[in-house]
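Following this message is one structure expressed as structure tokens.
By letter and in written order, the chains are A, B, C and D; residue numbering begins at 1 in each of them.
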Amino acid sequence: MKVGILTGGGDCPGLNAVIRGIVKSAPKDIEIIGIMHGWKGLITGEVTKLTDDDVEGIHIIGGTILGTSRTNPFKSEENKNKMLENIEKLGLDALIAIGGDDTLSVAAKLSSLGYKVIGVPKTIDNDVSNTDYTFGYHTAVNVGADAIDRLHSTAKSHGRVLFVELMGREAGWITLEAGLAAGAHLILIPEYPMTLEEIVRYVNERMDKKSYMIIAVAEGFKPTDLENVIGDKNEVDAFGHIRLGGIAHYLAEIIKEKTGYDTRSVVLGHLLRGGTPTAFDRILGTRYGVHAMKLVLEKDFGRMVALRGNAIVSIPLEYGIATKKFVPFEYYKLAQIFFG
Amino acid sequence: MKVGILTGGGDCPGLNAVIRGIVKSAPKDIEIIGIMHGWKGLITGEVTKLTDDDVEGIHIIGGTILGTSRTNPFKSEENKNKMLENIEKLGLDALIAIGGDDTLSVAAKLSSLGYKVIGVPKTIDNDVSNTDYTFGYHTAVNVGADAIDRLHSTAKSHGRVLFVELMGREAGWITLEAGLAAGAHLILIPEYPMTLEEIVRYVNERMDKKSYMIIAVAEGFKPTDLENVIGDKNEVDAFGHIRLGGIAHYLAEIIKEKTGYDTRSVVLGHLLRGGTPTAFDRILGTRYGVHAMKLVLEKDFGRMVALRGNAIVSIPLEYGIATKKFVPFEYYKLAQIFFG
Amino acid sequence: MKVGILTGGGDCPGLNAVIRGIVKSAPKDIEIIGIMHGWKGLITGEVTKLTDDDVEGIHIIGGTILGTSRTNPFKSEENKNKMLENIEKLGLDALIAIGGDDTLSVAAKLSSLGYKVIGVPKTIDNDVSNTDYTFGYHTAVNVGADAIDRLHSTAKSHGRVLFVELMGREAGWITLEAGLAAGAHLILIPEYPMTLEEIVRYVNERMDKKSYMIIAVAEGFKPTDLENVIGDKNEVDAFGHIRLGGIAHYLAEIIKEKTGYDTRSVVLGHLLRGGTPTAFDRILGTRYGVHAMKLVLEKDFGRMVALRGNAIVSIPLEYGIATKKFVPFEYYKLAQIFFG
Amino acid sequence: MKVGILTGGGDCPGLNAVIRGIVKSAPKDIEIIGIMHGWKGLITGEVTKLTDDDVEGIHIIGGTILGTSRTNPFKSEENKNKMLENIEKLGLDALIAIGGDDTLSVAAKLSSLGYKVIGVPKTIDNDVSNTDYTFGYHTAVNVGADAIDRLHSTAKSHGRVLFVELMGREAGWITLEAGLAAGAHLILIPEYPMTLEEIVRYVNERMDKKSYMIIAVAEGFKPTDLENVIGDKNEVDAFGHIRLGGIAHYLAEIIKEKTGYDTRSVVLGHLLRGGTPTAFDRILGTRYGVHAMKLVLEKDFGRMVALRGNAIVSIPLEYGIATKKFVPFEYYKLAQIFFG
């Protein structure tokens, strides 16, 4: 029996733990084929055999030994056909796809065409429905919280308002939890927009009281009364997102203008998605990998692994990609207790 | 309204987050009284008022600003009476007790006497039933995994068998998950004893193949065919636990003798329970604290907060202390996949 | 005897260690006066007494408990007079100024007016002449190297060229050493400009060979054939420095255009100058503080403390601020060995 | 031209950086031969060719890719002859030996026999004369200081006296600087023995004032009035060093008995010498490696690389191993300022 694995989409700490979990838990008579660069590798046929030795110790390393891409083979008839040919040619009896929305949509489509597919959800943003957590997310929150911890002292020594931008285009999980963990004095996420006026009020209140302030802001946050970006309107893109330097830079400028306080901004960006995973994410990735192989052995295809409390379970592949999981209002209200 | 808080038992990262969560989420008309050194402070009457300013930024700091002790006031009639008098004298309308088995047993007893008590479970060992995780546990696992990560290179460079001892007298959670996360080549926990012979077999197999080995062992692990400790039988205490230097030292000696390999041991001990909590534990502690105060406001007494999946819930106080949560066999089997 | 201390200029890990070193090593009959917010506090008279208890454990914390500012009292006759009056009024017998170029220039001027002043050099950039290292620098290099370590896996998984921008307007020390430590494949610093063409050549060579690349670039680096910034010339400031998003963003855009490779940029900025200092910086700060107080007791004024090999020495105050210490060509050549 | 490299003695973070520095800076016409397991590999002839690809990214990893041992080929005529034969057979034109006292003594002997040898000093203990620092030392100090940072909170919460044992049999550098950096309240090192009575006095003073205490103690520290170890005299070895559990366990027992305070001990041991090196040590190792190859190219044999201030220099091989560098009294006095 031959099982293919691929990793698609953005980088996420824990991908290698999943790969190692699959390979190490496979019975000796199963051959594991690593498909390079996500779905792209199934189009080009670039693959590599994976043995126990190949995955020794990799769960500690960030990134993915298989490489990744954002290629969607269903976008062209030609690529689709090449993919299907390669699945045939490689003699793949089953396929485990590790990835986010895009990667798993392809997996679901293949599954609906009768292919034997298992999905492993991957999103740094933690916005997959029907699973408590996705691997990589805790690492991102930890790195984010560590960074904000570091910024406190500078903001305090200089009496500044400091904006820290974290990942999160639509879902604010990373920003919310890193901000909550590191004691940000205001947290701005896409789910709960605020006016500039409200932000100004928070800033004035905090600065009056404590003379320094850390504001965690998700890249996808947008003030409801977004003003012209300083200098050039073009810097807001088609979706209304702030371009060139991001929302943190924009807010730092506009809030300085409106309050007179000394402001600065820091954009954490890709820092959050690389590097060695936390113990939690290594374990979650490992368990996902082992469970995915278990589903293969049990011939329980068309499913996605998920975390429920302490247990790894599986759900239909479509459920994971059906809807996004956003920060519930209840949780944002809890964070608000610590604003100011 | 006056609410008392106390922290009892061993140190655990996240205690301060709970305290801050309680204080910050209390309505302005509620006075929070910090009781010093666990139940001892209720006997001696040593207390301190807690305001928002007192808890600013403390969730990042290990330990507990209230101090702790292992005092059980029900062990003497005199102390019990002093405690009840002080509850009266201080005018406490409710009491939030943060602690482990011992602390919460006292809380449950007080509750059964009609006092208004809320419990917050605390155990570095993660062995409380009816909650997915307790705060502090993830920090311990992270610190443990980081330490094991560090030890790999030395063991490898010297071709050694290295025993790392982690906390866990009865439940092996920390050892299992730190060992799993850091790629230990054998994990020994109290729940699943092994003979020395089996350990020797694992050692010989791994050393033949890879020439170095890391073994994570919980302090409470005991080989089923425990031999006389080298030099002195007295070093095994009344419960059969290895004294003076611990099980790791013992195993390093005996395995060296039996296999001829160069062995070493490291005991992580208190390192695992101190210091700044991970983001996960800061957040869990914070949410526990906020929920405990919510239960007070809702007058839902005699209950303990708990984590279920992503949600904070509450359960009857007795449930949490009724039984211990041990590592299930299913999970130990998963870890075994990565042995060798 | 009364000794004043102040901290001026940008934040730098280790400032609190210096303050603690001074206070703890002062004989009991010396009163230490903390002047708030650098020279500004001597103008406004905002001061605080500092005792052993005030400095307990602060050497572990980033920032400065005295606050800081960039105020230069010699810039206005009025402020200068207020400062001199306050020195008189406070009865300061000596003054220890901890700061960079600007702060120490004021100190040197005061010294030349006959005031008893000691300087402690502070620069995150390590560009003070006549001292081997300044505190805070090693912390910045460590944080920078850790960040670059994290970025490797993402760059590798995606096959990208990643530009990381670190501090350093004129001197490239932080970028050079963080880049060298973390294995950047090209390091760009202000001292050794390069043409865009050369950078393109490095990128093509590396990408041909290894398919991913990390480039560490100092904020003050400027390609010698700087092209129009994409979209808007105004984004180059009066000194030719790239504005809005920094040089890393600029290079990422232009190199993508010229090579076709997928590029990204990360700006570390203030992350590097905050947070808990490394052991090295805590010790260096502590030793500087102790030595500064020793100079006060020996009445050896008008001097600045410095590190030479393992020894703390002192040099005339003017020497430290006379010239900047740049990365010597010899050292940049060593770094070049590891390019590509 | 063929150049051999070997690494001998105990593990030390930065060894791989030296190896990479040598390999990457070698001109293309020089063949680098990695000798496995220190001098042992020259006896057995176990070697491996080292190319640029073999050393890609290894400077970030602890340990040594060449393995190590404590074999001294001059201890037997047979081994000596095998070594000399292998040097001949392998056609080694020069040899770079990276190691401590023992390794470099062999190198010096070979050099005195006319072989072309370069030494790179390696000691985690920083006790090599004629060099400011050795690589690995800063990593050990950092890991030690981080561990002590973690222990503060537990000691404080429980009102305990906590003994932390760090490496250092004869020289107390690691203990002194980790203790100084992390704010230990008493530091005990081999160079400056104390009586138990003095230790008791320090403990009582500190506990009266602050109710908790951290004591950093080097493994080689011995109270001048060493009492019988509890239970068994045999636990003091031939050199008077405490066996089984170490000096920290001993002191914890005896001080508890004498003061009545609750004491605990933690032994950091091998934790300090493994794992990824700090940026400082990666750079120092890299510069050592590059300089060693430079000496080879300049045919300046019989020398050892060393750090002086910011510069890498070389000294006669014998100088480095002639005398040990101990903590000078001046420096211990500085540390004393912060006791209590």
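One rule holds in what follows: contacts are C-beta pairs under 8 Å (C-beta built on N, C-alpha and C of every residue); 3 or more make two chains touch, one makes a residue touch a chain.
Remember, predicted model here, so these are calculated numbers, not experimental data.
In this structure chain B contacts its sequence twin chain D using mostly the same residue numbers, the overlap exceeding half.
The most distant chain from chain B, with centres taken as the mean of CA atoms, is C. Centroids built from CA atoms put chain B at 30 Å from chain A.
In this assembly, the C-alpha centroid of chain B lies 41 Å from the C-alpha centroid of chain C. Counting partners per residue, chain B has 149, 152 as the residues that reach two or more other chains.
A ring topology is adopted by the chain contact network, closed into one cycle in which each chain touches exactly two others. Contact between chains, using the touch rule, shows up for A-B, A-C, B-D, C-D.
Those residues of chain B that touch chain D in the complex are listed here as 7, 10-11, 13, 15, 37, 61-64, 67-69, 143, 147, 149-159, 162, 231-232, 234, 244-245, 249, 264, 266-267, 269-271, 273-276. Chain A meets chain B in the complex at residues 24-25, 57, 59-60, 132-133, 138, 141-142, 144-145, 149, 152, 177-178, 180-183, 278-280, 282-283, 286-287, 290, 308-310, 334, 337-338.
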